[in-house]
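Chain nomenclature is as follows: A, B, C and D, assigned in order of appearance, with residue numbering initiated at 1 for each chain independently.
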Amino acid sequence: MDSALAGLYRDFDRHHLLPLWTQREDLMPHAPRPAAVPHLWRWSELYPLAERAGALVPVGRGGERRAVAIANPGLPGLPYATSTLWAAVQYLGPKEVAPDHRHSQNAFRFVLEGEGVWTVVNGDPVAMRRGDLLLTPGWAWHGHHNTLDAPMAWLDGLDIPLASQLDATFFEFGPDEVTDRSTPRHSRGERLWGHPGLVPVAAPADGPEAAPSSPLAAYRWEHTDAALRAQLELEAEGHDGTLEHGHAAVRFTHPGTGGDALPTLRTEMHRLRAGVTTTARRETGSSVWQVFDGSGTISLDGRVRQVSRGDLFAVPPWCTVAIAAHDTLDLFRFSDAPVFERLGFARSETVEMTEAEATDVVEAFDAAEAIEATGTSGTADAVGGAR
Amino acid sequence: MDSALAGLYRDFDRHHLLPLWTQREDLMPHAPRPAAVPHLWRWSELYPLAERAGALVPVGRGGERRAVAIANPGLPGLPYATSTLWAAVQYLGPKEVAPDHRHSQNAFRFVLEGEGVWTVVNGDPVAMRRGDLLLTPGWAWHGHHNTLDAPMAWLDGLDIPLASQLDATFFEFGPDEVTDRSTPRHSRGERLWGHPGLVPVAAPADGPEAAPSSPLAAYRWEHTDAALRAQLELEAEGHDGTLEHGHAAVRFTHPGTGGDALPTLRTEMHRLRAGVTTTARRETGSSVWQVFDGSGTISLDGRVRQVSRGDLFAVPPWCTVAIAAHDTLDLFRFSDAPVFERLGFARSETVEMTEAEATDVVEAFDAAEAIEATGTSGTADAVGGAR
Amino acid sequence: MDSALAGLYRDFDRHHLLPLWTQREDLMPHAPRPAAVPHLWRWSELYPLAERAGALVPVGRGGERRAVAIANPGLPGLPYATSTLWAAVQYLGPKEVAPDHRHSQNAFRFVLEGEGVWTVVNGDPVAMRRGDLLLTPGWAWHGHHNTLDAPMAWLDGLDIPLASQLDATFFEFGPDEVTDRSTPRHSRGERLWGHPGLVPVAAPADGPEAAPSSPLAAYRWEHTDAALRAQLELEAEGHDGTLEHGHAAVRFTHPGTGGDALPTLRTEMHRLRAGVTTTARRETGSSVWQVFDGSGTISLDGRVRQVSRGDLFAVPPWCTVAIAAHDTLDLFRFSDAPVFERLGFARSETVEMTEAEATDVVEAFDAAEAIEATGTSGTADAVGGAR
Amino acid sequence: MDSALAGLYRDFDRHHLLPLWTQREDLMPHAPRPAAVPHLWRWSELYPLAERAGALVPVGRGGERRAVAIANPGLPGLPYATSTLWAAVQYLGPKEVAPDHRHSQNAFRFVLEGEGVWTVVNGDPVAMRRGDLLLTPGWAWHGHHNTLDAPMAWLDGLDIPLASQLDATFFEFGPDEVTDRSTPRHSRGERLWGHPGLVPVAAPADGPEAAPSSPLAAYRWEHTDAALRAQLELEAEGHDGTLEHGHAAVRFTHPGTGGDALPTLRTEMHRLRAGVTTTARRETGSSVWQVFDGSGTISLDGRVRQVSRGDLFAVPPWCTVAIAAHDTLDLFRFSDAPVFERLGFARSETVEMTEAEATDVVEAFDAAEAIEATGTSGTADAVGGAR
């Protein structure tokens, strides 16, 4: 660089200026180049660590929650599953209480297993059981308490990274205890809003017109399971319903608007019939998947891994995903799709897998039983990134 | 009138012109002056007439349906419940079939009692049972068939008068038979869409984005009943939920949008706790109510009548309605409210009843048991109008 | 009919019931069968009658407006242009005042010629000049006053028939005088909202979120003319913009929503290049057209008439319309299209004209100059109906 | 920390996990703690640097644009005005051409001074002149060319940081030249859409239904100026219109929807009457302001600076802003408000300034003439951050 130009750049720097022409390619790449990488976390590793935290770390004011977040290897030092999504295993010991607070971030819980915890959302106690999705919309007060002598753990999903990057972060402490210790089978939100196609004529003051988030506090597994089963049965009878052949999927929605249950997070449950492989797709926006039941093979940008119950994987933007089901495979998925749709940034496309990739998936699929029998999880988590 | 003016009016007439100044008050009254009048039809009179029609009139091509419409006395010669709504008792004899057709008018069925009929909507067989609401959106093919040896009857509601006045009327004949004789317990519409807060990710081609009408073919009584019961229980526990004290109400909605199930018709179920009287209200738009269960007293513009199971009453625009429940009173209601809301014509207000009116309602309420024991229906149907 | 059936029908009648099967075809025809007929009113006949009314009939409280409505021959005795639309020539003599009032019906004025009248809408004085469209949304106070010594006349369009059939009619008298006698060139509505693509950050309390009607009180001819001219110029330069070849069209919209200026009425201006014939089309819903400038030939369900400046014609639902321009032809059009779109009743289609029809239009077009020279208006208005 | 806990944390790290309880306060602060700081860039410093770049750096393929971005001192090394907004001075020398490209990021140009450049957007040449706002919606092809022998510079605003954080970044090169060298006074977008309240009935294929961005390519200063002037005049006449006393403001909108002109960026023009001080406010979301004309005093979180024509300042989230006008003060503002509103993260509040702060603003205001006469820009840019 000649000295005149060097001088110019020094002066830019001194005046807090930066030229576009030297950075254009990084700022505006031809396609997304996310720092986040595809990655897999094994339940068999995650859960014992949560248990150890249960023994070592108290739950209380300040730290607020005993939640262990998956941290994308491409985002070192940050507790982010992807650049917009936060996902953690939260562990609550026998009779423990997570104190009341509220925040602008939107949150949900998805329960892989167990029962006995009630989350109290704006004063409404909501039972948590295997397969349930529970909502904590932004700025809703909430605390949890475990009524049993056994610990319980579940998946927490929040839009923490998005809210942080937008600096849209507010937080308030509530009481150290939950505000209602009762343990009803159904929350008030469900009793008012949990009837298919029916809405209260007197929508409460925080009703659907005003509320960007669903008033339905809990989506119970019995309904989700029935909806998925019905899609596959309809397909078998020759009717529409599934997303693609052998692939059922339901979205959790706001019954007052039909839109996503939370304004920044899409939540879905998928079920693949045994032997089915999904079309390979990629899209703007990122997602986190958790295997709820069954086992299968995932291909993330061509890297193939076996997955089974409880395993979590992060899919960064524009990463090609294909999933093959070994046996009936149920997957919970959450993503930032509403953000991309609302801001006009949504794009998606199906991707032809190369023959090699397809072979990999099929071979991995064929090998699945053997692999799982011998256990290869020690290396199997290295899905992505520079390794 | 002087002769110059008379000549002008003659010339207006000759050229198909009419002056505003002589008609302004009729065209633009200070408040609605509907021709339709409040009126009550007794089930005890209606149903036997439908039965007689069952014996005398065949169901078939051309007439299409054995439906007996309530005809508002204020709209002589017209089979209209109000100036926008059509309501009829449809009667289908043992093993009878109502042939397939479709029309631009929107329709629903609400079942007071009985079972055994399936309505086949766009090829999807939908069972009909007491308390169910079944939809036939505009331009959907539909026919009915009775699988049992007993007759069945139900309430049909359509927007025929509205569609007629708008000349928005299209009709096509389908096969003489229904297109699917199977008798599943749940329709395909329910299996896809009948799960609280859950929507199929693959909304079918006639899905929620496009479709102005709900894809949920049936709203089952077990859900409606549970939703109403929950509101009253929540109220008893000190929580929000009811429309007003002792008055639960749910609206049947499009699960993909949260809006009304049909674009021109609002459908609701109301439940009054025994002893409760609703606030007197009036609104633009008209409605038809049917007592589903229980008994009570209605006041329509101050005229008071006893009502019990199956009775139908029409409420014209701006007519003040108050309802008192003798015992637990369940009422189905449908109205043209979406039309008024979508066109910006909606208005409503609570009305202070005069002391005399209030006394009437209370006395009528007190006297209800006696009256019903002696039977006064011969005069009791004369609710309104010029008589 | 046998006597049992006759007895049944008598009993139906006695209980205010009507069977569907005897009326189905009238209630639910295969396609719209509007009572309203296509009809043409000549300005050369209309205007002199309005002038005579100006001499004979005072404007004042009660009658409120000296407006002469076109009365569709298919709707005898009713001052309705079609079954939903009201259209009239309003005539205000030198220095006359039409007193303040408001009504739930939506209204606009479209000015064929003249100037000097201000309409005062919710206290905002709005000048009226040739080519301008002025709005009086439902429930807005309004009166008019003529500042000049010459009379002025214009077209009034309202949704009176629709509001009457819906019984959505409220009316209130205001002061006998207009509330503001000032005569600004631009109304306050225009000054706030009449800048392309710009909206006030402080939308007034009756602003766009709440208001179903446009806050832009006046759409000035200079803008409408420029927009139409631009479309034809763009077409000539090889770009998109026109509705079809040689046919420019703009819609008057609510700048805060982009939707129709009034919730029940669509208002548009069309310009046909000399020599152009529009595609024949029909649609649900009805419309009224007024020739603003130029001359041409119209075909309404195959009946062909010459039209020139000021002529008004009514197009009932599902009537096929084609228009040929003799010289540059400007047409104002208003319709009930928003009603049909909002209620899910909108349908439209292009129609192949028969050879005979096409020939008729072309011949009529060729003959236009001759006909107009000799004057055939005496018979030319008989477009439709039973004649 | 005891060794068991240390071991747990090591194992977390090894498995790409991070605990919430040690980071909760950073992730979820009680109120926004943006890294970006309030900062002021002086036009008198910025523009000469852009000129020097004009002499030293060619415009061409790869770098694409000679744009010098303001780089928030709180976001070191990043060319970001705030964490979501990118703002730069783009400089185009005599007869220079910036080559055609497109990207998913949304962009606009706002012209402080000069003329002679046409930006060609999707083939539509759009003249750029002082005070104009020009749009380049996401994925629209665009290049610029300078037709004159004088250089021209303007403000570029984009959502680059937002798109980068969301990884919603696509980019394509077009021709090295602009696609149309013609220099019309008005773009085709303006000719079709630039008429107040009027929209083409034939909205082009990329029309308002589909398009999330405004089809109006240019908002001309003559309209913006007239709209602002009208608001202040209306206020002076006693009517509504201004945002607050002496403070006029207009928003640039999509004429087909009434929403923001771009889906991620809000663009507004503000005018303060001489002597007026705005209410102090803060809000989630950030903004960049440029003084278009006049001079005044700004207070950003209580730090007070003089500003005059061309000066740019960045307002991070939840920073309290108050502005006092020395003489008539015109300010262009852009922000990420649509993002916050669409995602449910929008909050704002008025802030009581402390007496000291208020005094500071007033004193600064009083001192303004003196300061500006003596020139204090060397230090005056240090608005914010840790200094």
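Criterion: contacts are C-beta pairs under 8 Å (C-beta built on N, C-alpha and C of every residue); 3 or more make two chains touch, one makes a residue touch a chain.
What you are looking at is a predicted structure, and each value in this text was computed from that prediction instead of being measured.
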item	value
Partner chains shared by subunit A and subunit B (touch criterion as defined above)	none
Centroid spacing, where centroids are CA-atom means, of subunit A and subunit C in whole angstrom	54
Gap in Å, rounded to a whole number, between the CA centres of subunit D and subunit A	34
Junction residues of subunit A - those touching two or more other chains	none
Touch-based graph of the chains, sorted into line, ring, star, complete or other	ring
Those chain pairs that satisfy the touch definition	A-B, A-D, B-C, C-D
Complex contact set, residues of subunit C against subunit B	4-5, 8, 11-12, 15-25, 27-34, 36, 39, 41, 45-46, 49, 52-53, 56-57, 62-73, 78-79, 83-84, 86, 88, 103-106, 138, 160, 162-172, 212-213, 263-264, 284-286, 316-318, 336, 338-340, 342-345, 347, 381
Residue numbers on subunit B that touch subunit A, as the complex places them	188, 190-202, 204-205, 208, 214, 216, 219, 223-224, 226-227, 230-231, 233-234, 239-244, 249-258, 261, 268
